[in-house]
Structure formats: structure tokens, C-alpha cells
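Next come the structures, one after another.
Two complexes, one shared chain (chain A), two partners (chain B, chain C).
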Partner chain A sequence: MLFKHSKPAMFLFVLPLLLIYGIIVIFQLAQGFLMSFAKWDGVNAATFIGLQNYQKLFASPDLWPSIRNSILFSIFLTIYQIGLATFFAYILVNVDIWMKKFFKAAFFVPVLLSATVVAQLFVSIYHGDYGLINKLSEALGSNWCQNWLAEPIKGILAIAFGESWKGMGYHMLIIYAAMRNVPKTYYEAARIDGAGAARQFFALTFPLTSQAIKVCFIMCITFGFRAFEMIFIMTGGGPGNYTSTMSIMMYKAMFSLRNYGLSNAIAMMIVFICVVIMFGIEKATTSTNTDM
Partner chain B sequence: MYTYYVDSDKEIVDYALNSMKKIFPNVTVTPENRTDADGTVLKTRAAVGELPDIFECPTNVLEGFAQSGDIVALDDAMKEMKFSDMVLPSVLENRTNSDGKIYAISALANEPALIYYNKKVFADNGLSEPKNYDEFKNVVKTLSGKGVIPLSLFGQEKWPGLQLFDMAVVASDSRGMAALDTGAAKATDAQFSDAAKKVSELVQMGLIGKGAFNTNASQAFEQFRLGQAAMLVNGSWFFGDAKEYGDNVGYFSYNPFADAGKEDAIQYTLSGGMMSPGGYAVNAHGKNLNVAVMYMLYFNIERAKAKTILNGAVSALKEDVQPQTARYASYQQFADSVSKVKSYTQYDWGLNNAEIKTALEDGVEMLLAGSYNANAFIKGLDAQVSAAAK
Partner chain C sequence: MKKVSAGKIITFVFMCIYLVISLYPLIWLLFYSLKDNSEIFVTNPFGPPVAWQWENYSKAVSQFNIALYFRNSAIVTIGTIALCIFCSLLFTYVVARVRTRLTRTMRMIVMMGMFIPVQAIMTPLVIMVKNLHLTNSLWSLIVPYTALGFPFAVMVLYGFYVNLPMELEESAYMDGASFFTTYFKIIFPQVKSAVAVLIIYEFMSAWNEFSLALVLITKDALKTLPLGLSSFKGQFSTDWGATGASLVIASLPVLILYLFFSEKVSDSIAFSGLKD
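Up next is the complex of A and B:
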């Protein structure tokens, strides 16, 4: 209502943000897009080479393993983080437990830890020779020693577990805040109508917090294609391309292959995939929006 | 001056800078910590016109800087100060850029890749230094059977595994994997498949630990020092790092991948070469250019002296320089053998073709992980090398 009769004023107020967004996001994206059609060594002038970078990308033996790993990473992350975050948030909001504040803080502490620290922690757990899991298995007299980080599917899921553990608290807080905003009177009415805990959750809690869960869902799914630090520190994407993801591929193109153009082509592919996923989720969930 | 590649370099560089005060008393130099290994920071600084006056220039950015005119050609200055009269010929090998000029220099001796062994672990298991592949297989089999990790590989970095593979190639062809880089050999040539078969066989026997690819250098050194692993692949600079291990460190003076009967023929064809990729270069847009170039050249000589005096490194200078502390037995044995070396290859970071280098790194990793057999390795390598050649 404030700007209903004053569109110039509205424009003036959003202009600074638009400018910052334009410079930091739009301009950089456009530059990256242009660079994806060029050959550049980072020092001399870039030369236009058309679609060669994209041809190289689609011919790369690392591409499909990287996409597979990114998808697996996203799925694991989403199931773990959203699943557990929703569960813990529900418990903290609706169940009267002892030391609630302590648990809220405890779940969030891993979020504050540096990725390097968490990565090294999980390397110490997964290490094939002296890792906690294998040593525990030996101590229990078992021969079950796994090469957690050096096998194709096992490796990426092991890293995804570490990443999930680190970030779960962040989503839990978002979902917790959304659940806290569900009016208590709704639950009272549901109880009077004879609805049990499960029915209350699916009929009330989940629909009324779905927007928050959707945001977390999009963040988790797209994060799998952008995840870098934990993978880089723990395995570097190796051995070979066993734990490579799109972002690791992008890093490798820039710093190992020294092909800035190819690196930008991979970056554009990541952006494209994330945008498609985001719009897909938005479209799929639009019809199920519930406003009360 | 952009320098201090690693912590252990600081003492050497500072010693050299101190010596330089006598040669250039009116020149003040402010050393600056090098913050990258692959030249990324240098590229960024070059883009904004803030290259240091003198800097350690990695091989992979040398060509780019030379083409863009960011670094000075050193040939005239080297002739003026008679640089070639001060150093052994090996210092000037493979130094020229594609335009035939020298843009970066280092006066350090070639430092080959070696396999070190823990003498106590070997003695406890009744083993001696292997001279050929059959003896090496026996060493690996014995150690693996006794629950000792035969070879501690810091697989978090790709180069140690690649260097091990290069040693296996050198057993058949003294050019090693560098021949692939220069296009002088094809991936399907016999020396690469022979090397892949040997490495694959050793991996099946338990050559490296399960967690090798998640082990960093410090952890690998500790495994080696404590005897949890019996052997270690590293450059000859490791002699300086291992001085605290004393006489418990030995090295294989023969290539363990040599076929029986050929040990002596290839004993002095070594894997590795220049430890410092590229060398010191001078910013072409800096002030006092002539002084900077001469300073850098003399600094290289002083730095080479410092490395010998402080670390016991083998000298590549014609002047006789001795270490201040006597080298321990195996280090002295190595130093005495250097004059017999017939050839070196390259380290991973010395390979010029980035695609071939990456293909080798990834392929060897898969070979060492046991995921590729020799055929799969050669097939993958050939496909990527052919694609890189297009």
C-alpha cells in the first residue's frame, strides 16, 4: 500500500539491492557464461572457441560419475538432514523433554564447526588403516574392515554422512521455528476431534510448516551439486573419479587442467541443473501450498 | 621477494639473503611468504600489475608469463655474470622456454624420487634392500603377511603414486612418463603396460595401506618413522627431513622394478629431477630491473650453497661446498652416487601438458586403488592422451 501510488519511490528503495545483486550475481554469471565459450590460461587474452568446452565436458569420462555422485550426495543429504531435522524439531516443540535448550544448542554446534575440522574428524573415523570404525571392528574380533573412502558408492555416501551430520542443525532450527509458529489451538481442536499424534503431524504440522521444509529441501537438493569442501578435503574427488562431483570437476578443470573456459562451462552446467531443480520443486509444490 | 615455498625453506632462504648483503650491500629485500604452489595467486597479481620484483615461478605459469611479457629473459644477464661457469651443466638442462630463452632459474641439484626403507623393520623381518623386481615382490609379500604396511603412500597428494609408477616405467625406458608428456611415446608402448602390470601385481599383494588415499605427508612420515610402514616414496630432499631418524633410514640404491639381471644397467637412470619447478623469475614491470635480475641470479647461487651447508643437500655448484654437519650414512651414500647418475625424468609438477598429467594422476590412482588392472589403465590412459593430442 505504501508504494501503490509511487512506483518510482519503490524502485528507488530496491535499487541499491538490485545493483549489488546485479554486480555480484548477474554480472558474474554473464561473465562466466561468456568465458565458457573461450580458451583462457588466466594470464593472456582469452580466445573464442565456440562450443568446444561443452563438447569436451560431455566427452569427459568424469562427467557421468560426477553427476551420479552429486545426485547420490543430494539424496542422502536431503533424507538425513530434512528427515532428522523434522523429527528433532517436532520432538523439541511438542514433547516435554529434559534439557531442551541443551539439545537445541547441541544439534547446532556441528554447524558452527569449520568444514576442515569436520572433514578431518571423519577421515579419522573412516581411515582404512587406523580409522575408528575399522579399529573398533578389529577390537571386536571381526575381519570387517572397509575401505570407506576409496570405493565408488561407499565413498560418496560416507562423505555425505559427514556433511549431513554437520549441517542438520541448521535445517532443524529453520523447521523448529516454523513448527513453533503453528498455533496451539489447532492441536487442541485436533485432539478434541480425536486425532492422534501421527494424524496431527500429517494433517497439521507438516502442511503448516511445508514452506519452511520446502526451502530446506531445495537447499539440500541443490547443495549436492555445489558441495565442495568436505569432498575436497576428505578425498579430493578420488581415487580417480570415484567421489568426484560437479564442483570437484570444476575445480579440477581450473587448477589441474588449467582450462578456465572448461571450468566455466562446468559452472554453467551446475547453475542450469540447480535452476531446473529449483523450478521443478517449486512447480511440484505450488498446488500443495496451504495458507491458514 | 616472493619465496619460502615450505617452512623448511625459510632457514635456507634467510641464510642466502644474509649472504647476499655482502654482495649487494645497498639492496634491501623484503621476503614474502609464497601462498600457493600452482601459481594461481601469481596470475591474479599479474592481472592487477602487482607481481613481486623477484618470485618463485612454477613451471605451469612460466610459458604464460613469458608470452604476456610479465617476466624478463635471463640469458644476457646470465652470460654477463658467467652463470654457467658457476654451476654444473645439469642446472641449465630443460630450462629454455618455447622461444628458446630462459625465464626462470634455480641453481639446485636434481633431486630424484627414491624409495626409503626403515632399516629396523627390514631387519626385524629378515629382509634386505631389494635389487630387482623379484626381490621387491618378496619384500612386499613378507611385510604384508606380517601385518606391516609395505609402503606408506601419502596418497592425499597425487604425485607420490605417480612417481612410483614412473620408477616402474624407468625400469624399461629411462625417459619415464615424461616421454608421454613430450609426445615421444604412446600410452600403448610396452614400458607403460609393463609398469602397470608390476604396480597392479604389487597392489594385489598389499603394497599400500587401505587408507593410503586419505593419508597426508605428515601421517605417512609418522607411519614410516614408527615402523607401522616399512617403506616410503619421496624425493631425495627427504634425507634432510629425515635427519632426526638418524641411521635408521636407508634407501633403495637399485630400482626395485628392474627385471632380474638388468639391475646394474639401469641403476643410475632415475625417476624425478627438478624439485623446484620453474625457478626464480624477475618481474619485467618492476623497478631497478637490471639490479633485480643480477640480484636474483646471485641469490640462486647463495641459496644453493645454503641448502648444502644447512641441509646437506647435494650441490650443483662447481665451487666445493660442504655441509656444516656430516651427513648420516645413507645420505652420504646417496650424495656420493649422484655423480654417476646418467639421467633423470620429471616430477609430476614438471609435466607440461596438463591433460596428460591429469590423466596419469587419475589413472595411477585407480591402479593403486586396485580398481584398474593394467589393461584398463592403459586403455583409459590411451583414450585421454589421444584426446589431449587433438
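Up next is the complex of A and C:
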């Protein structure tokens, strides 16, 4: 009734969002896709060059180290964040220990900080001369000291640790919210049937919260390929390409090479990889979960 | 019933260990923001400061432009929150009330934005902002942040609108109220709790955003806090105390928000996990 007679008003209601979203997201996405097939410096008119940008990307000596770094980053993130988040969420919901509220709040605090703050903090933690870790190992009398961020594999894992430290609480809260929705009576029934804590977790908690865990899993895996802020601030991708990722390559293509076609091609590759991972995980989990 | 098992104690000890990992780096930061270099590097790297160096904080403000960055961040954050929530409220209302194929498609297209990596739109955005000569204005951040905030806002608000009974508006409309008055008098007051969740979420994401600010802002006078702070790298900066102080200042607003609204913050995070 009301809605049948108010077409112009409704049009005014949806217009601002569609306008902003259309210009900033849809239009730029289309532009980015088209320009990935063009030679473009952002000033002169773009010329179509087919797949040359993609060829350049695949010929780049930075690409494979970047992909390797992304995979390492993703694996570290997944194990640390999902592993600990699931464990802590389970304890906070199901185990009766002291100071639960405090633990939950304290584990979440790093999530609130900006990536810049965390990156700067970890730069000083890993600092070669005065960093927290090197000072600690000095105090413990070991010679573990090193310039953590300047080593090939260790560098990217050190950054991944910072990122995981920051993000764990986020995943913990998501999984916590899902676990709280599992009815208590299920656990009582399981206990009466004689199921132990491990059995309860794998037969009850995990299947019933798998949706939330899957969302976290997708976020962690794709994040390795999107990772930018912490790496950019902590090492800038260096030394050399030791800690480079595709996002860092994109930034360099944009600002040091001024090759906007190439930077768009890299962006499209990032999107492609993330979409493939997302659908892959989606597909793999729906085919195994049919009995739920 | 009150039996303390060994398993429980082990779990508790493990939680306490992670508590130290989670909080000590921040306490260490807070401590060194109040120390001078000799204390940080040599005499007292771990413990609370012996001689409290409050001037680190005044140095951060006077030497590092913190006040300016803080102001820019505040403008961008408030602008983003207002614009994003206003547009999403109106859009989602129509989409939730009139369910046709067209509105469903519009909603789906907006929601898809949640899965688009920001890198995909970065390069064209940089060029558009440059070509429109917006590089000298904070609007070049507010509008993109707003657009990127839409998917989450629409998702949350849709859930709220769908659960509001339609009779409210119908009867007001019968009494002769226009579309606008029914919305602002009757519906708008009902969505306060959803708006609170959104304010907190958008506040945290806009206040902390770095990547887009990095590529879109070049003038020092327009830098936001995360961008401004990124340029004095701890690695090379010699004044750790003042650097630490600026990091603490930058983090305070969000931490204070959390201190007062921790439940609401948790809610808004839990919401963002319901992406499917």
C-alpha cells in the first residue's frame, strides 16, 4: 500500500548508496579489469596490448618468491589464528575456569589496534640491537640474537606472527559467538552417553560451528595473498624480495614503475586467486558435509 | 561439585601464558613510551620506567605532527560513519520492504563487495582521484571508505528491517503521513541498536585504515594517523620514547571505546563473521 504509492521517494532512498557504490566499486572494478589489458601511465590515453601485462607479471623474478611468501603467510596465519581461536573459544564457552571475561577481553585487545601501530611495535620487538626478543634472549644468556626481519624465510614468518598476534582475537570472537549457540542440552546428552571432552568437541562442537570456522578459514587463507599493510611498514617487501607479496609488487608497479596496466594485472591476479580459493573451500566443504 | 581437576589447572596456566603474549608487548610499549633511550636500551629494557619521561608525549605532539594527523583521522572517521550509515539506512529500508527481483539483485551486488580485495579498485581509484583533482581534500578518503563500508552495513541493517512488523508504517500511512515522515518518525527510532553496532564497526575500520590512505594521500597536511605514524619507522628512528608515545596516542580512542562499550564491540565483530 505505502510502497505502491511512493515510487519517487523510494528512488531517492536508494540513489545515494547506488551512486557512491557504483562509482567507487563497480566502475573502478570494471576499469581495473579493462586496464589490465592496456599500456597506461595514467596521463596519456591507454593503448590495448592484450596479455602483455600478464606476461610481464609471469616473467617477473619477484612473482614466485611472492607466491611462496603468501603461502607461508597463509599457513602460519591459519594454524596460529584458527588453532588458538578455536581452542580459546571452546574453553571460554564450555570449560568452567577463573577470569573468563578478563581472558576474552584481553585476547581481543590487539584486534583494536591499527596495523601501523602493530607493525611499528613489532619492528621494535624484532629490532636487531635493542628489540624485545633479542634483549630477552640476551637476558636468558643465549645467543639467539639476530636481525629477525632481514632473513629470508624467518622474515616473512616474523611478520606473519605479528599479523596473527593482532588478528587472533577477531577469529576467537566469531567462533565464540557460534559456539555459544550450540544448545547446552546436546552436551548433557553427550555426557550421559559417556563422551569425553575430546569426543564432545569433535562430534558436537566442531560440526555445529563448522560454518563459522569455515568463514575464518577462508579469511586466513586469502589474507596471505592480500597481505600488505604490515609487510609494507615493517620491511617494504625487502631486503630484496625476501618478504615480498603480490600486493607489494602491485604497489611497486604503481608507484615506482608508474605502470598502471601492470599494477591492474597484478590486482586482477590477486582477485582471481582469492576467488578460486573461496570457491575451492566452499566446494570441498559442501561435498563432505552432506550428512549435516 | 567444586572439584578442581589437573586438566583445568593446565588449561588455566596455558591461558595465562597467552595472556602474557597478548598483553605484554603492549605494556612494554606503554613502558618505553615513558622512558629515555638509555633506560630502554641498556639499564631497564623490560620493567616499568624508573624516571618517568612525560615529555615524550609533549615531544610526540610538538615534533611529530600528531595533533594534525589526529584531527584528519577524526574528520575522516566521523565523515565516513555519517555518510555510510545514512546511505545504508535509506537504501536497505527500501530493499528490505520491497522485495522484487530488482531489489534483490541490488542487495546482492552490494554484498558481493565484501569479497572484493581492496587492491582490485586501488589503481583506478588513485587515477580517478588525481584526475578529479581531489588529492587535496579528505573527501578522497571519506567517499571510498564509505563505499567499502556499505556491504557490512547493508547486511546488518537488512537483518533488522526484515524483523520489523510492516503494520507500523501501514497504519501511519493510512493516517496520512508521507513516505518520509513514516520512515523518520516510525522506523528510524527502531534501528538504534543496529546503528550502534555499525558506528562502532565503521569507527574501528576507518580509524585504523592504512592501505587506501597510503595510495590516495600524498600531502603531509592531509595524512591520517595510521599513515602519519608509518613514516617514522622504529628501525631508523633514534627517539624510541617519542615514537612509542605517538603509537599510544593513536591507539587510545579505540581502546577507550572498547573500555566503555566492550559488549557492543564484541557484537559488531560477531556480526561480521556471519558473512554467508
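The criterion applied here is as follows: the second predicted complex is superposed on the first by the 261 of 292 C-alpha atoms of A that agree within 3 Å, B and C clash if a C-alpha of one lies under 4 Å from a C-alpha of the other, contacts with A are read in each partner's own complex, and residues count from 1 in each chain.
Criterion: contacts are C-beta pairs under 8 Å (C-beta built on N, C-alpha and C of every residue); 3 or more make two chains touch, one makes a residue touch a chain.
Keep in mind that what you see is a predicted model, and the values were worked out from it rather than measured.
Asker: Check whether A:258 is in contact with chain B, with chain C, with both or with neither, and answer first, second, both or neither.
Answerer: So A:258 only meets chain B here.
Asker: Taking the superposition on A as described, I'd like to know which of chain B and chain C A:44 touches: first, second, both or neither.
Answerer: A:44 contacts chain B only, not chain C.
Asker: Just checking: does A:153 make contact with chain B only, chain C only, both, or neither of them? Give me first, second, both or neither.
Answerer: Neither partner.
Asker: Regarding the shared-chain residue A:284, is it in contact with chain B (first), chain C (second), both, or neither?
Answerer: Once the two structures are laid over each other on A, A:284 reaches no partner at all.
Asker: Going by the contact rule set out at the top, does A:127 touch chain B (first), chain C (second), both, or neither?
Answerer: Both partners.
Asker: Kindly classify A:241 by the partners it touches after superposition: chain B alone (first), chain C alone (second), both, or neither?
Answerer: After superposition on chain A, A:241 lies in contact with chain B alone.
Asker: Quick one: name whichever of chain B and chain C touches more residues of chain A.
Answerer: C
Asker: In the overlaid three-chain picture, which partner chain does A:145 touch, first (chain B) or second (chain C), both, or neither?
Answerer: The answer is first: A:145 touches chain B but not chain C.
Asker: Name the residues of chain A shared by its contacts with chain B and its contacts with chain C.
Answerer: The answer is residues 42, 123, 127, 129-130, 255 of chain A.
Asker: If we count contacts the way the header does, which residues on chain C are in touch with chain A in the complex?
Answerer: The contact residues of chain C facing chain A are 7-8, 11-12, 15, 18-19, 21-23, 25-26, 28-29, 32, 40-41, 45-46, 83, 86-88, 90-91, 93-95, 97-98, 106, 109-110, 113, 115-128, 130, 143-144, 146-148, 150, 154, 169-170, 173, 178-180, 182-183, 204, 207-211, 214-215, 225-227, 229-230, 233-235, 240, 243-244, 247, 250-251, 254-255, 258, 262, 265-266, 269-270, 272-276.
Asker: Can you tell me which positions in chain A touch chain B when the two form their complex?
Answerer: Going by the criterion above, the answer is residues 41-44, 59, 61, 123, 126-131, 134, 145, 147, 149-150, 234-236, 238-242, 252, 255-259.
Asker: Once bound in the complex, which stretches of chain B touch chain A?
Answerer: Going by the criterion above, the answer is residues 38, 40, 43, 46-47, 60-61, 64-65, 67-68, 70, 149, 155-156, 158, 209-215, 223, 228, 354-355, 357-358, 361-363, 365-366, 368-369, 371-372, 380, 383-384, 387.
Asker: Flag every residue of chain A that touches chain C in the complex, lowest number first.
Answerer: Residues of chain A touching chain C: 1-3, 6, 9-10, 12-14, 16-18, 20-21, 23-29, 31-32, 35, 42, 84, 88, 91, 95-98, 103, 105-117, 119-125, 127, 129-130, 132, 135-136, 139, 165, 168-170, 173-178, 197, 211-212, 215-216, 222, 225-226, 228-229, 232-233, 247, 250-251, 254-255, 260, 263-264, 266-268, 270-271, 274-275, 278.
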